[in-house]
Amino acid sequence: MKKIEAIIKPFKLEEVKEALSDLGIEGMTVTEVKGFGRQKGHTEIYRGSEYTVDFLPKIKIEVVLADGMVDSATTAVVKAAKTGKIGDGKVFVYPIEEAIRIRTDETGEKAI
Amino acid sequence: MKKIEAIIKPFKLEEVKEALSDLGIEGMTVTEVKGFGRQKGHTEIYRGSEYTVDFLPKIKIEVVLADGMVDSATTAVVKAAKTGKIGDGKVFVYPIEEAIRIRTDETGEKAI
Amino acid sequence: MKKIEAIIKPFKLEEVKEALSDLGIEGMTVTEVKGFGRQKGHTEIYRGSEYTVDFLPKIKIEVVLADGMVDSATTAVVKAAKTGKIGDGKVFVYPIEEAIRIRTDETGEKAI
Amino acid sequence: MRKLLKHLPGLAVAGFTATLLLVPLSSPAQAPTPSPTPMTAGTPAATAAAPAASPSMEDRVANLEAYLSNSAGPKTIQPASGPGHNAWMLTAAALVLFMTLPGLALFYGGLVRQKNVLSVLAQCLGITGLVTILWWAFGYSLVFGKSFNNPFFGGSEFFFLHGVDSAPNTDYAYWVSQNVYSMYQLMFAIITPALIVGAIAERMKYSALMLFMLCWMFLVYFPMAHMIWGISGFMSGISNANAGIKAIDFAGGTVVHMTSGWSALILCFIVGPRLGFKREPIPPHNLVLTMIGTGMLWVGWYGFNAGSAVAADGIAANAFMSTTLATAIAAFTWAVLEKVLRGKASVLGYCTGAVAGLVVITPACGFVNPTGAVIIGVVAAVVPYFAVSVMKPALGYDDALDTFGVHGIGGTLGALSTGLLATKEVNSNLKDELLRTLFLSQIEAVCVTLVLSTVATAVIALVVKAILGLRPSADTETAGLDISDHGEEAYIS
Amino acid sequence: MRKLLKHLPGLAVAGFTATLLLVPLSSPAQAPTPSPTPMTAGTPAATAAAPAASPSMEDRVANLEAYLSNSAGPKTIQPASGPGHNAWMLTAAALVLFMTLPGLALFYGGLVRQKNVLSVLAQCLGITGLVTILWWAFGYSLVFGKSFNNPFFGGSEFFFLHGVDSAPNTDYAYWVSQNVYSMYQLMFAIITPALIVGAIAERMKYSALMLFMLCWMFLVYFPMAHMIWGISGFMSGISNANAGIKAIDFAGGTVVHMTSGWSALILCFIVGPRLGFKREPIPPHNLVLTMIGTGMLWVGWYGFNAGSAVAADGIAANAFMSTTLATAIAAFTWAVLEKVLRGKASVLGYCTGAVAGLVVITPACGFVNPTGAVIIGVVAAVVPYFAVSVMKPALGYDDALDTFGVHGIGGTLGALSTGLLATKEVNSNLKDELLRTLFLSQIEAVCVTLVLSTVATAVIALVVKAILGLRPSADTETAGLDISDHGEEAYIS
Amino acid sequence: MRKLLKHLPGLAVAGFTATLLLVPLSSPAQAPTPSPTPMTAGTPAATAAAPAASPSMEDRVANLEAYLSNSAGPKTIQPASGPGHNAWMLTAAALVLFMTLPGLALFYGGLVRQKNVLSVLAQCLGITGLVTILWWAFGYSLVFGKSFNNPFFGGSEFFFLHGVDSAPNTDYAYWVSQNVYSMYQLMFAIITPALIVGAIAERMKYSALMLFMLCWMFLVYFPMAHMIWGISGFMSGISNANAGIKAIDFAGGTVVHMTSGWSALILCFIVGPRLGFKREPIPPHNLVLTMIGTGMLWVGWYGFNAGSAVAADGIAANAFMSTTLATAIAAFTWAVLEKVLRGKASVLGYCTGAVAGLVVITPACGFVNPTGAVIIGVVAAVVPYFAVSVMKPALGYDDALDTFGVHGIGGTLGALSTGLLATKEVNSNLKDELLRTLFLSQIEAVCVTLVLSTVATAVIALVVKAILGLRPSADTETAGLDISDHGEEAYIS
């Protein structure tokens, strides 16, 4: 099993979710994160003080899936999340050693 | 070392935390996440518009521990988090290559 | 490639970010998390009820980088995040199998 | 006490039969058809004194002087509203609405968990709508009418606010338009049931709550308000020479706070505690909202207390002063108690103390001098403080937002303190005869209120439970009432 | 209708030329230099009746009685403000400001997404500043002056508030200081354009919005306010015997709600829908803010409606009552409709219903009795409910926060209901002659308002589009207006 | 200036000795025992004019006319409160409380970081309680009493509000109950120290703050308020013919804003900057709260400014107008400055500008005409804008929420502008003789205020530092004051 972790622009969440659903992926976990990268932030001014906000709101999607699904899933995510503009984000692939469904105690690929 | 990552229902946090403490696990990191899976969301209506909320609030617990602890810890988490109803969540196990305690520079299992 | 994940005290974020920038690391992802560990929480009292807050606000920084960068990066993070007081946090290192830049479809170390 | 016992059966009978029988029968017949012969004073554009014959210069000047002093004008001149008094009562009525919307809604809303904040707001909003309809149709008349000539219910002459126009109803105010007076009193009728919400927050079905409140208004609020404030009321010590109990209650210690507080206690017993109560932490989700609500309650309460003079006169002025002193001192005392007993003064402590001060001074504010107000301020913090932080945990009921601890205990305390501290130097309506037995009368009034509130609440709650059930399913409660009862989330980022 | 058609060209010409020509020419000449010979009544410290000669005792007492009844004093005594009426209007003016800052700002601010909440607040604040400057310089005079002796614009005598001091302007109020009256009316001039913001929230450039509002005040608000409320106004049925259309509008159903609502509709067509509209969910980011705003709007609206009597008299009292009944009943009815049709009563439903009730009762509140108010309350929920939840989705325009559905539809409904339900028993200013043709006059007034608002809005919007463009870039809109237009974030944790 | 220098030692001596010696000695002896022979006018229920003998018809009508014009009634008739004036002052007092709770608390609370928001609310609440107790016991008497017959402190006759009942104190108001007046003035005494909180927010120990405020009231506020407003005050230009400095201050430019602003500057120097100041960003955590607070401050300020007429007369009316104009124009000007100089108009800019406008118009509002108010509006934005965005960064002190920049600079500016723009056409109390030297007198008053505030603050701060220490540990400050000082978190999701 692998985990695909995608950092994407927030307004792309719906599209990415649908792309994954289309592949038959039924579960995922989503986190609000802040990203720092090539995409520049903006400046905020409060009375006398000026702050540069480097960290931009991003969404992290985590999907655990069987090894065989990794390629099609990453391709689908990349396609759905792309705008072609800087700051589109990344996909990372991690090894996973075990998965358990809490409700049923099922393990391995049956659990995801 | 391994990392155990559990996605659970929010109101089970206290119980899972205690189950892990009972095993002598003294540290963990918790994140508020949103989950998408078999458990259905709900519908919200704002005047003319109806939205289906697919993403349900979940809690992600991450614990890094020695290899030998993995089985007892996953069992404890599964037991504490189970309600038997859909949406109970998952436990994933990841390999970890190194851990460092920032305060003391200790590394490896001493660091966790 | 590896992922370095650091759990640090919130007010150390700026310093850690700068330490990583100084190494030429241009991207990272930050999440607000709650930590449970040796550092004690505090007590809150609301009229008749007293609650112990065990979970303290922490910041999780995730950086994916080339294998050769791992040592210098962990050292830099540890140095920048250290206060020497309990609760300074941890650094964990994970294996990563693949990385893709969504905007360009670049993969591997070029993607990060 | 004899008088009390003698009237108890009447009270019960009146409570149930008047409601169930008289009201529906008499009302549809006469109310919605517009009056064919309106009182001639009823054309409010001519609020001026329209001389019956041609009043003498002496009478005309006496009428103007009566306006200044808020007293009855000469008989030769028809009563009309006066601008200074009307101005204050328009303001006061708006202020009392402000106490509920959004004041109390925020005070309570901040104290619940995030998943239930909208349910509290919806309860306040729903009660506002429901009570307005009841008040328009029957309530005002049942409280302030007099056609029944009854100590427990008023009359049917004002059903559907029939004949309630801009001329004063001189039973209650010499110089304030009756339509404003009726709306001012409506605001009291709205906030009282809304206070109960605090005790059963986060766990009662919305439909059950609304049905409960519908019944509660008829069985508790309308009779209690008539008994205390109605011209023929059973416990209306000042205005009814034949009152069974000669009690006093300036702005609603018994009518508002004791009824809601004691009903809250019973209701929270019957509904039962929140899931997870005492097992998991249930901290307030937003204390800033609670503090905003406290500020609004305090400011709005000036309308409640000083407005209860139904004039911008010296008694209103005194009520303003005593309200300010008692509230600020209660807030401060509560914080000092926390600091001394637990090491830290909290924002929730200040807010709770302020509300407790407001509650306890309510029945007394038009009757006590600054020294009395200061004493009340201190007592208002000490007693509820222990009620909330010692008694409640000891007894183990889940009065979620402390409606009983603050309003029930506080209202009772206020009614009793009023008996001890009221002075005729502040309010010349307090005759020596009344004052002589006042403390006893206050105890009697407390007992009547307490019994009526608790018994009626128990009956209503059990009936509603049988019909609709009181609580949502455990799953629904765990998910939060906002989504399950209202289909909304409070905050989406 | 003949009268209407006859005046249409004049209306258009007046609208454009008076604004573009008269105003700038006549104003700088006379206003900012302090008056060398101030009206002697203008020393407001002596608000007392300063007898011209030495008035008789009869006149002096009659003057005092006129104060009580809010009528004209005897000619021998110079008009001065009276404390009760002034007290209420000071309060009412503050309440109407409270409706916008922070009331409406919160009501709207809670309904947008988090990234745009500050832009809504900035729009409300910016409009407040801009309109105050316009009002001071020209607006008050164009609406309430009479030197032009014109049905569409008032006069130039009050440019820069010249001569507007503490003495009453008896064209509009016998006993209220003109400076307070001018500020009271300013608050109306502020909230009206601010209402439009709801339709184009989350997607209009700040600079374009401000320029739009600047023009809109001259072309729509000032002429409409003069037409309805000016002493020489074209549709001022009560005060102008020569009015072309003898319509009535107690507190601004046409002037405030129809103008803003219909302009909002046109503007949201021209601006176009939000990015992602109908494709992605755009839920309110904070319904607690919306509910706070609703409470503040409701409370403040008492200043708006009861204040429109410009006195603390019986008509103000009646307006208070009818406003309360209609609002509470509309809120409750909306929630009942939701419960029946969709299964759940929502907080947003209660809030929308309350605002709809307030809107629809506005033109009627000083003219209808309790029964009328209750009828209006029900209608005020039912019609806007379907406008917002059926008509809007069907037609597909993006009236983001339902300014058209609530204020446009509601204001129109209010103007028409007033024609049906107004009764002289409530307000003796309604003469039989006026009442006979009232419903027709109201229809005519509705048509004039609707045409003026929509045509002028279309013209202004297209001009502003040509000059500045109406919308930010797609990227900017996606990132949110708070950062791009104001350089701030609302919440930082 | 001579007069000024001559009185300086007296000022210092009075400040310290009167406080430390007279007050504690004289008070316990006479105050808490209820008066055995109350003033007969003291039965406030009879606020009516109770004729001493039997006054003539002429006098009775003259008395009624005096009520209308807010002037002194004939000697034959005992003074009593009048409904219109009392109505407005009840409202105004509530509005001024609203400025602090929750207005200022939100304005400041939104500007701090999330971890410190409750500490700001607790400071506002704590000050409210503390100052109320001081005011009741000594403060009102030290400011508005006259038994000391002293230019720096009032008297001891009203200690514990003894004898303060519903009859007017005609030294200060002909027609307003003294108890309302005393509470109205209490609200000023509450908000003034609360303003200082802004300068040292996020880093001062709660206990140290409270001790500081306790001393500051006696050494700065009470003497300053007596000097400016007391009937025997040192700088009371209008009411004291023997005033050392014949200055004017309508609603508190010196007493409220200069004292708090200059004290804030000194205190923030002594306390030192926040940890991380200038090294890490410290942005406001919730600008929506700040905007709500701004709206509440603005609305409440009408009570502050128009209420300072202590009547609903023409001067109150003028104050309402000038306050509105100056505030809206200052808000708008500030935003225009931002737009021009930095490209974007911000919500915080609008809010800061509005507060600056309110501050600067405060001393002038009852003395200037619309043109004066507009000029003040523009100046009120420009000068504090540069103080806050250029001078503060240049000098490098950490005036966290700009108390000095807005209230210190703004109050000073207001006092001086009042000297230039006050006109007797607006306020006939301004005699030619007073106006002739007014600007000089204002400069002198500014100097006295500035010196007294800064010196006393430095002394108190150093004493408190020695006793309790001013700051929490670095760890505590980093964790936030909410948890460490109050044991609570503001938001729990």
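To keep things simple, chains are lettered A, B, C, D, E and F as they appear, and every chain counts its residues starting from 1.
Assume contacts are C-beta pairs under 8 Å (C-beta built on N, C-alpha and C of every residue); 3 or more make two chains touch, one makes a residue touch a chain.
No experiment lies behind these values; they were computed from the predicted model shown.
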item: Common touching chains of chain B and chain A; value: C, E
item: Chain copies touching (chain E, chain F) - same or different residues, decided at half shared; value: different
item: Whole-Å gap separating chain B and chain C, where each centre is the average of the chain's CA atoms; value: 18
item: Inter-chain centre distance, chain A versus chain D - centres from mean C-alpha coordinates, in Å; value: 54
item: Whole-Å gap separating chain C and chain F, where each centre is the average of the chain's CA atoms; value: 49
item: Junction residues of chain D - those touching two or more other chains; value: 57, 61, 64, 67, 82-85, 87-88, 91, 95, 283-284, 292, 342, 344, 346, 348, 487-489, 491, 493
item: For chain B, residues contacting two or more additional chains; value: 31-32, 44-46, 85, 94-95
item: Those chain pairs that satisfy the touch definition; value: A-B, A-C, A-E, A-F, B-C, B-D, B-E, C-D, C-F, D-E, D-F, E-F
item: Chain A-touching residues of chain C, taken from the complex the two chains share; value: 3, 17, 26-31, 64, 94-103, 105, 111-112
item: List of chain B residues in touch with chain D within their complex; value: 11, 14, 42-46, 53, 85
item: Residues of chain D that touch chain E when the two form their complex; value: 32, 34, 38, 42-49, 57, 60-61, 64, 67, 80-88, 90-91, 93-95, 97-98, 101-103, 105-106, 109, 117-118, 121-122, 125-126, 128-130, 132-133, 136, 160-162, 164-167, 177, 179-180, 182-183, 186, 206, 289, 292, 485-493
item: Touch list for chain F against partner chain E, complex; value: 57-58, 61, 64-71, 82-85, 87-88, 91, 95, 113-114, 175, 283-288, 291-292, 294-296, 298-299, 302-303, 306, 311-318, 320-321, 324-325, 328-329, 331-333, 335, 342-348, 350-351, 354, 369-371, 374, 423-429, 491
item: Footprint of chain F on chain A - complex, ascending; value: 44-49, 51
